[in-house]
Amino acid sequence: MSLSHLKKSGDAVFVDSSVTKANEIVTAWDGKDASNFSLIGVPLSKTSISHSGASFAPASIRKMLSSYSTYHIEDGIDLKTLRVTDFGDITMHVTDFEESRNRIKSTIAELLNQFKDTMPIILGGDHGISFPSIAAFTEARGKIGVIQFDAHHDLRNINDGGRSNGTPFRSLIDEGILNGEHLIQIGLRNFSNSAPYTEFGINHGVTIYTMRDVRELGIQKIIIDSLNRLSQEVDAIYISLDMDVLDQAFAPGCPAIGPGGMDSQTLIDGICYLASHPKVCGMDIVELDPTIDFRDMTSRIAAHVILNFLVEKVKLNR
Amino acid sequence: MSLSHLKKSGDAVFVDSSVTKANEIVTAWDGKDASNFSLIGVPLSKTSISHSGASFAPASIRKMLSSYSTYHIEDGIDLKTLRVTDFGDITMHVTDFEESRNRIKSTIAELLNQFKDTMPIILGGDHGISFPSIAAFTEARGKIGVIQFDAHHDLRNINDGGRSNGTPFRSLIDEGILNGEHLIQIGLRNFSNSAPYTEFGINHGVTIYTMRDVRELGIQKIIIDSLNRLSQEVDAIYISLDMDVLDQAFAPGCPAIGPGGMDSQTLIDGICYLASHPKVCGMDIVELDPTIDFRDMTSRIAAHVILNFLVEKVKLNR
Amino acid sequence: MSLSHLKKSGDAVFVDSSVTKANEIVTAWDGKDASNFSLIGVPLSKTSISHSGASFAPASIRKMLSSYSTYHIEDGIDLKTLRVTDFGDITMHVTDFEESRNRIKSTIAELLNQFKDTMPIILGGDHGISFPSIAAFTEARGKIGVIQFDAHHDLRNINDGGRSNGTPFRSLIDEGILNGEHLIQIGLRNFSNSAPYTEFGINHGVTIYTMRDVRELGIQKIIIDSLNRLSQEVDAIYISLDMDVLDQAFAPGCPAIGPGGMDSQTLIDGICYLASHPKVCGMDIVELDPTIDFRDMTSRIAAHVILNFLVEKVKLNR
Amino acid sequence: MSLSHLKKSGDAVFVDSSVTKANEIVTAWDGKDASNFSLIGVPLSKTSISHSGASFAPASIRKMLSSYSTYHIEDGIDLKTLRVTDFGDITMHVTDFEESRNRIKSTIAELLNQFKDTMPIILGGDHGISFPSIAAFTEARGKIGVIQFDAHHDLRNINDGGRSNGTPFRSLIDEGILNGEHLIQIGLRNFSNSAPYTEFGINHGVTIYTMRDVRELGIQKIIIDSLNRLSQEVDAIYISLDMDVLDQAFAPGCPAIGPGGMDSQTLIDGICYLASHPKVCGMDIVELDPTIDFRDMTSRIAAHVILNFLVEKVKLNR
Amino acid sequence: MSLSHLKKSGDAVFVDSSVTKANEIVTAWDGKDASNFSLIGVPLSKTSISHSGASFAPASIRKMLSSYSTYHIEDGIDLKTLRVTDFGDITMHVTDFEESRNRIKSTIAELLNQFKDTMPIILGGDHGISFPSIAAFTEARGKIGVIQFDAHHDLRNINDGGRSNGTPFRSLIDEGILNGEHLIQIGLRNFSNSAPYTEFGINHGVTIYTMRDVRELGIQKIIIDSLNRLSQEVDAIYISLDMDVLDQAFAPGCPAIGPGGMDSQTLIDGICYLASHPKVCGMDIVELDPTIDFRDMTSRIAAHVILNFLVEKVKLNR
Amino acid sequence: MSLSHLKKSGDAVFVDSSVTKANEIVTAWDGKDASNFSLIGVPLSKTSISHSGASFAPASIRKMLSSYSTYHIEDGIDLKTLRVTDFGDITMHVTDFEESRNRIKSTIAELLNQFKDTMPIILGGDHGISFPSIAAFTEARGKIGVIQFDAHHDLRNINDGGRSNGTPFRSLIDEGILNGEHLIQIGLRNFSNSAPYTEFGINHGVTIYTMRDVRELGIQKIIIDSLNRLSQEVDAIYISLDMDVLDQAFAPGCPAIGPGGMDSQTLIDGICYLASHPKVCGMDIVELDPTIDFRDMTSRIAAHVILNFLVEKVKLNR
């Protein structure tokens, strides 16, 4: 008698022979080779100003991939032959965040250097991780332009609380890693920022699109204008996606939610326009706290963001 | 002294003499006569591939009717004189689903035959119930066309898990009950289907409108085109409404939720365009799991779908 | 050694020296002077027909102000130098609602008389509080016009249950306090009203905009038309905002939720158009039940409504 | 073909031919005859000092009866041939509580008079309902003794908030309906009462057993001593069961929960000792708020209290 | 530069070099060798009479093992050198339960035959899985005695709903697999059973200990008496642990909860007395539904049950 | 007309003139004088190994005081004339924990020095705060003995993650602040510790009472023995109460819950025995995470612990 009905705990409960689930194209790194697309988890959220469980997001986003298939019905693209290397998570120190940021930067830089063609999707974590992550990209991929989706500038001073999820872009600019003119912020919202930081941004050449701009100009024009300009000035473009750019009705699972934000389709459209540009070669997804979400709705959007990103890259390379 | 303040437990806590609640026009079947409109509960959800409490939906949808009135203020239609016969629920076998499907088919067919003029609204249950339900309609009402609102094809093979909520339309086509050309699917979504099943649909003449189509063409044009064609080819049109066609922000209470779906007003508009056609004579509402919903939001939409359907039928018969 | 790190319990956990939180411009009334803008809590929700915890809304709305800043990035307005006087809450009697309504009316009237320039934002409570509140405004500010955002007329008879959250505008009209022609209702919804009350409204000259009107005409035209007419006929305009005018997906924290409602951006736009008119001088926010909300989403919208109202008033006075 | 698989919506989903569910012995009153045991719902909780949804308890307790069978395995008693008349709910006025209390008193008195042998189990509602309920018992059944299970005295003055859930026994004593010496309070808890009310109780001859007494003396001795004394002085004994006598770990669904309370088995034992006495002829169950409970745990205990009460009465009459 | 901070996603976030977590002694089966102790997941709960997510329990129990260490401080036993083979889960058919039961029986029998020394702990699933599981034990380990912890007999007829979670011990007796005299039921509860099934049990020689017996005799005496008798009559003893034997306050995560049950310490004591007997060589843990639990409390108890079982076995073999 | 019905937002909604609520005896520090009893909030929980919202506990415990009165009915003690000084919260640095610990130690030491007679109850925070807190006590009050209620030793090494909530007693011993022989740990639990740390404790003279000891010896004997010994060796005794010493059924709101713990009455008894000793002069309450609690049950127990502590101190000084 056989034991053919035994499966490893954790494997899919039901398998339809005609369906490929999105998690099936993700394979744990073997320590040697890596695909052109990769995942890196960065479970750090103790650097958040407010209470945050964003450190659980890498696991929840990965899990949500198993709720979706590889097939983009509208474009007729099936990702099932694609391979995404999952480099796993970078371990964070329990109490020493400088150490944690060093691990983030050095690990990502090392991976980018070892695997010149891989485009990592970095799963935060709070927005504080974008500082070491973008620093690593700069080191490995040259001059970087950043498209930041966010309700907030994240240009706070570091005196009042150290490097936190409110300071990554300030740190990048202050440290000379990112030129303010190469930072484009999309989705800024009323009553979610303060005048001194808007002024700091303007003074440093940061391009700012508020939600009113998104509603009036449309996401397509904003992205195309941004890509046109940035692509002439930088070597590579990095997407930094703070999930709180979305309206609370669409993404309830972020620490700093509110009304007046983007709907999820607009975000997905924006990601697609971006991903279809060859210089866009990395992305982080941050500020997603699964412990306060409802039915993993916010992680589900993150999974769709990743899959749409991959589809556009596949279309680009056809 | 009188006992005038006693009321049956379960009756309304407060009665406004100028208001008719929607549940008041629904009356339990007396075993004899039936109105032109009727409800049939089909509490089967163990045939779902994933864990589902959709078997609780008939009760929750009925209960939500008591939260709304009979008055359509925009069209000035009051349903208060209408009668809806509630045939009750079809009892499901605890463990034998073939038996359960037989009960569904034979009971609905019998009711359709006994009451030639009744338009049943069938409250699932998971989507698996549409197979016996539509089979019953075919038997009793002639050649059937189906408008399916759904994020998914539901055209899976039955080898991998038997007849489930993923297979109803496959079963209907394979069994020759439904001509693929008489099946119109609206709201299909990326990463929620697989290429082989899309191909199966196309090869069998199924009409497929994705969410991009809905956004670009508009629900009105899609419905009108569909009705124009179908109405010439079939005797009767059946709406199969999988609530997961809605975006997760609007209908969180479905097992298979995700972003990029329809908003609730678009769905209601679509139902109205459909109901205003005389050949549309039945509907099922499926994949609504009240145990994972928030504040019965999804059941509330279902109640509005039913009431809007009735209003359009009343307008048609004026 | 100093004790410089002690702070009062309840004070902000983290202070960024470049950020002013919205709650910081709100100061408890000193018993003497009042600002041009003020808050009054009216924690009465036992007069609701259905179970309601709207009495907790004054506290939750105030708390949500601390989640947002004073800076309106889109208009470049910073409210940080503004002062809002918080008059506190009016204490409600545990079981005597006539007494509670008397307290509401006399307290608000007294405040309006003592502080001729203050524009109070009244935090309910259920909609029943608008009856004494608007009565007080009429007494203190002259002939009043009312813009009511609501899914419901609130024109019920008082025989069936006394004065409740279903009767405020009926009471105001019946008592001769408000001329029906000076009442404009925006956002009325299907299956949420009854024909006799719509007729009552029409017969008394109430202007009624349904949600279909909102979708077809746009909120801007509705508000501008309303202001044009009302401003010629009344001395002052009062906004009565029932949060259930919003769709359940945007504002799940109201007792009477449903689909087909307004999205939050449209409401905020409407409030802005209104607040930019000099005759608009008061507002209540009602039917917000924090005990059934998700992540205070509905209170967050209320906080944004207040802040947008203030910004428009500041723009008006520049 | 038959329609044998149709059942009324709301009827049991599964029927085991060898099992009688507890709800099956409960039959709605036919307006004429009544059994020796009966249920009366009193859905009033707006008289609570704090926010309370205890008005939903009659429905939730009735529903929980359907989760249990009629069979007491330990005593070998099956209640399946017993009949319990459900008189339904007394309708409450939306805003006039004096009217509501009058309805409670007159309806219960009338039922007690019409049906001399019925022992009603009254399902509150908040504890305020015990005032009219016990008044009705006094009118119909003679001199009444009361065994009150409660963490609190409920002897508050009525000046500070009118008659509420904190005042029923004060009102009964002040109105001369109940002699303080015929009131026995069991389960009083630290930090849940105030000295003036304890003094009031002592001064009026109320017998007070704290939770320390319960732990040290045991529930059996307390009940037997109480019955021995009371039964010589009164005509009938009434149990007033405030569910908050239970520890929060056992009964989380009460508005005023806390540690240091009774466990559920001790309460059930106490009820059994009481019910086995022939003079015990009525009971109310109050302060159970299903909206804040977890998995209806507190309603489940209430259902077990009722069933144990019935079993002891059956044993008594064998 | 090294990549030493990368870890596989899913691995422990923090490692204390002096602590061994309980999950670390569990290793996935390599397809070849097995330890003396093993886990087998049986994620079947669609055979439940009521809605059940017990199919999620194998995953939640395994996960909870990672919340505890291997060290039994009271006995000074450290399990860290023990190995537990995790055979994984047996895949269940989506809709064919006869097939699923066949898979359970044949897989477990095969494993028991291949690994004569392994003591499997079987993680259900609903109680229906005990029928094929005990059948497999009978086939592989000889005459079996069963100690069942349960509020319910589970001796229902199979005519009314087929083989379900209410029928396993009936099926075992009816099929001649288990002699009724070798079945000992502990924890039976009032209003949770029906007289005909108690009679069936008695008539077939089943030993029945109610919760009153547990309270009066103590768990130690019950277990010792049971072991003394059973061990002389059977070859091996199997523990069937239905988590609903526990009181709802201790184990809220079971479908059929109620008051009057066992506390968790008593259960753990009982398991320890059993495990310390050499003939006890297998156990199932069933009716644990993580989807309705609070903070995985019920899965945590299951994890402790497993660890205590292992400790006693280690003590036995010292 | 007066404004007598206005109250400050946040003040009690209802006031009974015969009741003093426990929060009414707590008054915010005026910067000058302090009572013999005081509260200090220490909202630090980012030093936890696992995700923790214990930083919210100071606020939730304070809030729960308003749910209880000052009257201990069993001992006839009313605390209403007592005064408790609330020193407020110590502000924590967002990202620098060494700085935060310095603030804790220096602030508490300063307060203890300024107010020689005050007995502070320190509201954590995670258990990491006991390191600086006890250090401050040592500095200000002489040789300290510690009674630790805890499921865990908290004697972890600091190499693996720095100073965390797992290391406070290790740090105190290693730094020579606390003599291991002056540390008594009560409530240690199986599978919640590791052998090396138990050995470390034993080697350093720590007294260890497991939960089995608590069940077998009783809390009274344990406390009396402990006090007898400790009081001869130290100048002052400090209670460190980790709420996870309680069983998960009683205190679900701790990060590290499990079965087999203490019930809440036993804990309260233990606290009373301790508080009645004159050398006991301080306490911390830690590891209470209100964000994962149910109905603030765990904070309610903390409030009762505080009130019982005060009652015993009052009895001592009578």
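Going by the order they are written in, the chains are A, B, C, D, E and F; count residues from 1 in each one.
Just so it is clear, a residue touches a chain if its C-beta (ideal position, glycine included) is under 8 Å from a C-beta of that chain, and two chains touch if they have at least 3 such contacts.
These numbers were taken from a predicted model, which means no experiment stands behind them.
K.L.:
Given the touch definition stated above, what is the smallest step count connecting chain C to chain F?
P.N.:
Minimum number of steps from chain C to chain F: 1.
K.L.:
Looking only at C-beta pairs in contact, point me to the busier pair out of C-D and A-C.
P.N.:
Between the chain pairs C-D and A-C, A-C carries more contacts.
K.L.:
Between chain A and chain E, two touching copies, which fits better, same or different residues at the interface, with half of the numbers shared as the threshold?
P.N.:
Same, since most residue numbers here occur in both copies.
K.L.:
Counting in whole Å, what is the centre-to-centre distance of chain B and chain C, each centre being its mean C-alpha position?
P.N.:
The separation of the two C-alpha centroids amounts to 38 Å.
K.L.:
So what's the Cα centroid distance for chain B and chain D, whole Å?
P.N.:
That pair's centroid distance is 43 Å.
K.L.:
Got the chain C residues that touch at least 2 other chains?
P.N.:
As it turns out, chain C has residues touching two or more other chains at 13-14, 49, 55, 94, 160-161, 249, 294.
K.L.:
Write out all the pairs of touching chains, ordered by chain label.
P.N.:
All chain pairs meeting the touch criterion are A-B, A-C, A-E, A-F, B-C, B-D, B-E, C-D, C-F, D-E, D-F, E-F.
K.L.:
For a test of understanding, state which residues of chain B touch chain A in their complex under the given definition.
P.N.:
It comes out as residues 49-50, 156-157, 159-161, 166, 188-198, 208, 210-212, 215, 247-249, 252, 256-260, 292, 294.
K.L.:
Over in the complex, which chain B residues touch chain E? Could you list them?
P.N.:
That would be residues 46-47, 49, 51, 53, 55-56, 93-97, 160-164, 291 of chain B.
K.L.:
Help me check something: in the complex, which residues belonging to chain D touch chain B?
P.N.:
1-3, 5-11, 13-14, 28-29, 41, 43, 55, 58-59, 62, 86-92, 94, 103, 106-107, 109-111
K.L.:
How about chain E: which of its residues touch chain F in the complex?
P.N.:
13-20, 22, 67-74, 76, 78, 249-250, 263-265, 268, 294-295, 297, 300-301, 303-304, 307-308, 311
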